[in-house]
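Remarks on the structure that follows.
The first chain written gets the first letter, and so on, giving A, B, C and D; residue counts start at 1 in each chain.
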Amino acid sequence: MSTSRKPGRRVAAFCVGALLFAAAACAVAWVSLRPRPHPVVQPIAFSHRVHVSGEEMECADCHKRVGESPHATFPPVKYCMQCHEEPQGEHPDEPRVREYAQRGQEIPWVRVNRLPGHVYFSHASHVRDAKMECAECHGAMEDAEAPVTLPQIGHLDMGTCMACHRERGASNDCLRCHK
Amino acid sequence: MAGVNDFSFSIKPILDPIGKGGRGFYLAAAGLLMVMAVGVYAYVQQFVHGLGTTGMNRPVYWGVYMANFVFFIGISHAGTLISAILRVANAEWRRPVTRCAEVITVFALIFGALSVIIDLGRPDRLLFVIQHGRLQSPILWDVCCISTYLTGSLIYLYLPLIPDCAILRDRKIGWVWLYTLLALGYQGTQRQKHRLEFWISVMAILIIPIAISVHTVVAYIYATTLQPGWHSTIFGPYFVVGAIFSGLAGLMIAMAIIRKAFHLEGILKDIHFNNLALILLVMTALMIYFTFNIYLVEITGNEPSIMASVMEKVTGEFALPFWGMIVGGFLVPLVILSFPKGRTVTGCVVASVLILVSMWIERFLIVVPTLIHPRLPWPTGIYNPTWVEWSVTAGCLAAFALLYMLFARVFPIVSIWEVQEGVDVAIPEINKRFEGYMPDVPDEAGSAAFPWEGMPPHGRGEREP
Amino acid sequence: MASDESAPRSNPVSPAPARSAPTQPEAPPPNPERRGALRQIAALAAGAAAFVALPLLRPRRALAQEDAPSPAPGGTRKPRWGMAIDLDRCTACQGCVVACKTENNVPIAGADQTERGRGIFWMDMLQTEEGEYPDLKGQFIPTPCNHCDNAPCVKVCPVGATYINEEGIVAQMWARCIGCRFCTTACPYTRRYFNWQAPDWSEAARHTLNPNVATRPKGVVEKCTFCHHRIRQARETARAEGRAMTDADVRRLPACAQACPADAITFGDLNDPESELSQLAKSPRAVRLQEELGTHPKVIYLREAKWQE
Amino acid sequence: MEGVTRRGFLKGAGVAAGAFLLPGCGEEEDPYALRRPALPDGSSGMLGQEKWVPSVCGQCQAGCGIRVRVAEGRAVKIEGNPACPVNRGGLGPKGQAGLGMLYHPDRILAPRRRDGERGSGRWKEVGWDEAIGEIASVLRDLRARGEGRGVVVLDGEPRGMTRDLWARFLDAYGSPNHMDHRATSDGGKLLAMTYMHGVPEIPAYDWERTRYVLGFGASLFESWCQSIHLTRASSHLRRGMPGRRVKFVQVSPRFSVTAAKADEWVPIEPATYGALALGIGHVLVRDGIFDADFVRERSFGFEPWTGEDGRAHRGFRDVLAEYMPDRVEALTHVPARTVERLAHEMVDNRPAVALADGGAAAATNGLGTAMSIHALNALLGSLECPGGLLVQRPAPLASWAAVEPDDAARAGAAAPRLDGAGVSRPLARGCIQEFPEAVLSGKPYPARALFLNRSNPVFSKPGGGRWIEALRKVDLVVSFSPLPDESTIWADFVLPEPTYLERWEPVEPVPSVGYPILGLRQPVVDPPRDSLAVGDVVIRLARALGDPVARAFPWDGYRDAIVERLKGVQEAQTGSILEPTTQKFIRKLQQEGIWEARGYPFGQWEGAFPTASGKFEFFSQAIEKRLAAAFPDASSMEAWLVAQGVQTRGDDLCLPHWEPPQFAGGEVDYPFLLVAYRGVAYAEGGIRHLPRLRELPSAGRDAWRERVELNPSDAHRLGIRGGDGVRVETPAGRRRLTAFLHPGVRPGTAGLPLGYGEWPPRPGVLEAPGGYGLLAVASDPLAGIFALQGTRARIGKEA
């Protein structure tokens, strides 16, 4: 049998084949099993552009606690009502804001930007102490027409945090961010 | 010259079992598979529900699994280390023994490593050890040493297997494609053979320090902590001796079974058992010496935290296994092996079984009594291993036995070519070596100075231990 | 195959006929083959070396890195947190134990697990009783993690899941922990705890979870953090008020110290010679548990005194 | 959909594919997520929102101020309120564990009516109107039939607004049967204060300045009524004053935590504290080192005296003369030398105080014991002085307008009490432990309706299964409880009350600091959907009954009743909160959690002892009067005393005296004396329902088991090892417990920690669970104090 002539090659071929197969299997598994964020449905068709670019509002006007608390927080409906008590435009969703307010309900905004439960992140530390701009992480919200339905900070893994911390001379002590 | 096909002894009993199995084989395999299945089921339970399914707790954070780990790693020293030492020492009687020893190493090592993985709370994070490994941790030393040892033993098992695969390939026995693949085109040419032997001897030398390092670092896992009774300078050598001790016992049991099952009485002869038994005797004495050392020093030191665990063994809850181990595992084998009549196959098997069981107990008694008595005053710990731990242990043992059985059905369990080589090469070599030992003979005494010069090879027994 | 056995010994190099034909130019030039073998060995060695060296080459943990300017008691110097527990004040009420459990989301073990000795108490109560009735002596020692400067647990962790942070806290990153329990066995104080199973956070019990502390899954080790999240909070509060964190801010900061009705627990900065803790550490009553082991614990006990002592 | 597919795939393939290759398989999407329920209102607007709400702890009567951290709508942590003088920011394990009560999985969320046999555990939820209507109609019928006196309230609250409302209700309705639990807790101490001091309240102590503390069985650091306050105080007394350290001496048969923590532990024969106190008194008088000035000027009955009728009376000096240290040693097994030393140490380290506890006076000789110990304080001159024993000053709460009972109410209220207090137990204020026998015998009249206000007698009162039988016999049983318990099982109605973290209540703590304090309990989170404060139920019940009962309750609800009384504090314009209007006052009180008027008025001897003589009475004229009222002549009294086995006679009954204790069960049949005690974890209602208390590390591995503590030598003799199951039998019942070997238990006795048992309580069980089920009903014959240390037991290894 000619097979015995170059047995080394056969072994190599076998190994390479097995490796290729394993790699392919892993790739398929990764692609199909990888957790992917799915878009959420926001209750109101809120446009950041209209408010930020149009009305020249600041982020902290609505996300009030961004400079003092770990959470930037959603605005309660009473903030909306400061302007939308009277109709401001013709968008079909606008009256619904008033409906919520009249029912004494908060608008059930859906949170999209989430960190894992064992991570502590403080907006106050980053905004107030490190003087970071909101856009550095959240991007150009002043151009966003539609409400946010997907996490904006998709690539945020531990390496990203640590690289930025290293760059800015912030501590990379594990306890600083992990709880 | 080393033949792939021509042998001066009957290789039929060696080749017979290859590729087929009798009723006994299938029955045994079925039995082992069932035990394994229970073990796998138990592990799945443990994986899903956590280590809470075991009997471990605070402060007994380690238990049966860590005892298994040390035990299996110990058994693994049977083979490669022994065969390597014998090879390096040119002990010619080793030839039929080496293969079955080396196989034990590979499989025992696998289950040793597996025992640690089984013991992990988060086996899914196993790769963190490589990704985030800290070389300062004795566990990393273990990972390095064990993986090196496993690789080394695999190579060391594989190299001598090449010519035998070539034999099987050529004779078209069993899975020829496999043998063809593994034989790597070995034809037994002089150069191939020379190169093979070179690398075998390189591996034989390399593997000895690796093997010693493995069990030393296993001991370090215990000795580097501050736990009373573990924090001892003697632990490294003590573990190594214990490993060779239990490994030898394991090897003798395996050999006895193989000899019986494959009717290899003509190849694995009484003399092999006798010689191994002599080594085992030395190890028994060493083991007794070490044990005496450890306990004498601990007891005379009389440090309360250490004495708590020592007394737990001497008079407390573990007195029965402890004294059983001392008497049954050390003293009785010492007596059996001391007498030529005890160094028969039966005697060896009895002694080995006693030793093997005792050595498992010994590992258990290293782990548990110390943990039951931590340094801070604490209501004495409790530890009752659960069915999960026993099942997983049984499953590991069964899987080990099954793998060994399968190996023996796929590959020659006695290295055919090495035995043949003994006949071809070793006899003249021994003669020559022996000549070297003797006082120089003056030329005039004639060329026929040695009376055994012309005797037929089969009439002589191997005389070198 | 039986026929082969009788084959003459004198013909050692006799390949099987069917295969013999193509093996004629059998030996390729020796050099390339040897070089191949060497290359293989070299590759193997390199691989092994890489495997061994990889962990070494990784950048060291950020311990040594400069921290952002953080106001700490005593100026810019890094604090070294420690705790003093006055056994003369303590009445063994175990309020600290429950406070710690609630603050740090430590799970309730339940009847079965308690019986098996698997309860988790970041703050535990060690008790001993000696003697026979009526000549008895009893001791009650609240025992959190000692946060040793020379921590045996940190030395043995294979994955760096536990480390001593820049402020002296022996931290446990459970998200990194592989559950080998080497640290739990290495700790001479038995003050590290393993999650033997998934903690049972019933729907009702989940309401009480502190949002500032993560819950731990099964199979990982957890331990006292000196209420690190409360330190962080206090620091953020101080920063928001534009001042440095003072000894008064941290004196009763951890949940155990806060809860203690006897005021027996003092928390503070051992690097600050002015802190109350540093003063207590100088007391002739000050002892540390098992000092002889050289672990340098940062939890200082103040011995019980005698009447008129 | 994607998630489902993924999970499904993992489930099928995960295990087979190798657990090691797919990290995190079988776990939730985010393995690190802090798993917590959705926020109460489902809106993420509350993210990060939190507040601290001040309130008052309700796990015991001590009234520690607390602040509760409410994060995102959930109460997540309880801490001490630094503003509260009782605890100044500290909090014991019970208080910390309160969240377990709030978020208890077994909470009753709506009123229930029995739906099936009594004790079947089958319930039907009913509306409040329906429940109150039905109960009111039963009460109306009873009143109409003239059986209103058969309405009984077992009140778990010894003080407070809810208790006052119940008292008011019974006054207006017409029943004398308002029973509290004090006979089984601090009854002895209370009666000693009542009869000697003239103040019907337990004392407070000036811990700041005390220099010597002698505790008679007082588990100061465990279940003393003010353990947390005392823990603070002891910390201060030991380490708070440089160069000065107070000595704590603990006298008790069991080596408790307090004994271990004390500077000296004096082991003693159970139930002989009185003899020791008299022995110390003997030494004080013999050596002339007692406070002669105080005794001469401010006390009555120390020297022999002659009454107005010319009868000569014995004085306390005569009693003391009989208690030579040698005799005391024979009675108590405390060496005579120790008795002498203790007496001298107390005098040398004045101000010194002697404390009694429930445990000390809880014996059949309870009143004599409590009086003897209290008399020591008088001999030492430690009353109403810095570092001594104080009388807690009340907060100036306004009182409600007086009830104007009609004839029916007056008649009902004048009926004899069902528990025999003031009748068969002439000196008792209450005798709850003897109530079941009265119910079962139907004498002097049948009990018709029973209200259990925060009271679970089946679990926490002695007498074993007798309580269950009694509950089954009463026509209507109504239980107010946020959780099911052993008594609610036998009730007809279970009316859920908000827990102490969800309700309004002004709280006057157990006497602690001496000066007036008032805490405000307020809801930290919303109460569950359908619960009602007991106060509201009482008012609604009264309204449903119509006039004349309704007339006594002119308020719309409980809150109005509270506000009316708080007005008094605001109008007094003293203390820490001064506000012009009641509304502002209450708002401030809500923010502070506590009101206090610091400074104790020492040296106000005028009216300090509201007794017949206006002085501290060693010889209690109140007792003399009560006995005279109870027994028409000397011979009937003699007969009664003989029947009750009382050995003391004559004047000694009115003086601090020693009476040999009696025990239920003979020494031969029941060789062990049970030393029942409450550990540090004993919260209101026991330990068994709060896992965080059950699992305190001090309880060790047997924490979840009901235990009995044995001395190792006794255990060895019986072949019992630690952790073994043992059978404990007493004249009251039997129970299987787990043996716990404890060298601190006196040989021949067995320690019995109370408050343990099964949870949740099982319906239909006729045996009383927990430690109390083993205790026989034994009382001080005259004073009706429950003899906690009055039961003997037989203990054997369980086969």
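In the analysis below, a contact is a pair of C-beta atoms (placed from the backbone, for glycine too) under 8 Å apart; a residue touches a chain by one contact, two chains touch by 3 or more.
These numbers come from a predicted model, not from an experiment.
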*By mean C-alpha coordinates, which chain is most distant from subunit C?*
D
*More C-beta contacts across A-C or across C-D?*
C-D
_Most central chain, judged by mean C-alpha position against the global CA mean_ = C
*Approximately how many whole Å separate the CA-defined centres of subunit A and subunit C?*
32
*Between subunit C and subunit D, what's the gap in Å when you average each chain's C-alpha atoms?*
43
*Round to the nearest whole Å and give the separation of the Cα centres of subunit B and subunit C.*
35
_For subunit A paired with subunit B, centre-to-centre distance based on mean C-alpha positions, whole Å_ = 55
_Shared-contact residues (touching 2 or more other chains) in subunit B_ = 123, 125-126, 382
*Multi-chain contacts in subunit C: which residues touch at least two other chains?*
19, 23, 116-117, 119, 126, 175, 213-215
*Spell out, as numbers or ranges, the residues of subunit D touching 2 or more other chains.*
22, 32, 34-35, 701
*Can you list the residues on subunit C that touch subunit D in the complex?*
86, 88-95, 97-99, 101-103, 105, 108-111, 114-117, 119, 121, 124-127, 129, 131-134, 136-140, 175, 201-211, 213-215, 217, 252, 255, 258-264, 305-309
*Show which residues of subunit D lie in contact with subunit A when the two form their complex.*
2, 6, 9-10, 22, 29-30, 32-35, 41-45, 47-49
*Considering the complex alone, what residue numbers of subunit A touch subunit D?*
29, 33, 35-36, 38, 65, 69-71, 73-76, 105-111, 116-119
*asked:* Taking the touch rule as given, give the residues of subunit B at its contact with subunit C in the complex, in rising order.
replied: 1-8, 10-12, 15, 49-53, 55-62, 116, 119-123, 125-126, 128-130, 132-140, 143-144, 147-148, 170-173, 187-189, 191, 221, 224-227, 371, 374-378, 381-382
*If you look only at subunit A, which of its residues touch subunit C in the complex?*
1-2, 4-5, 68, 117-118, 120, 122, 124-125, 128-130, 162, 166, 168-176, 178-179
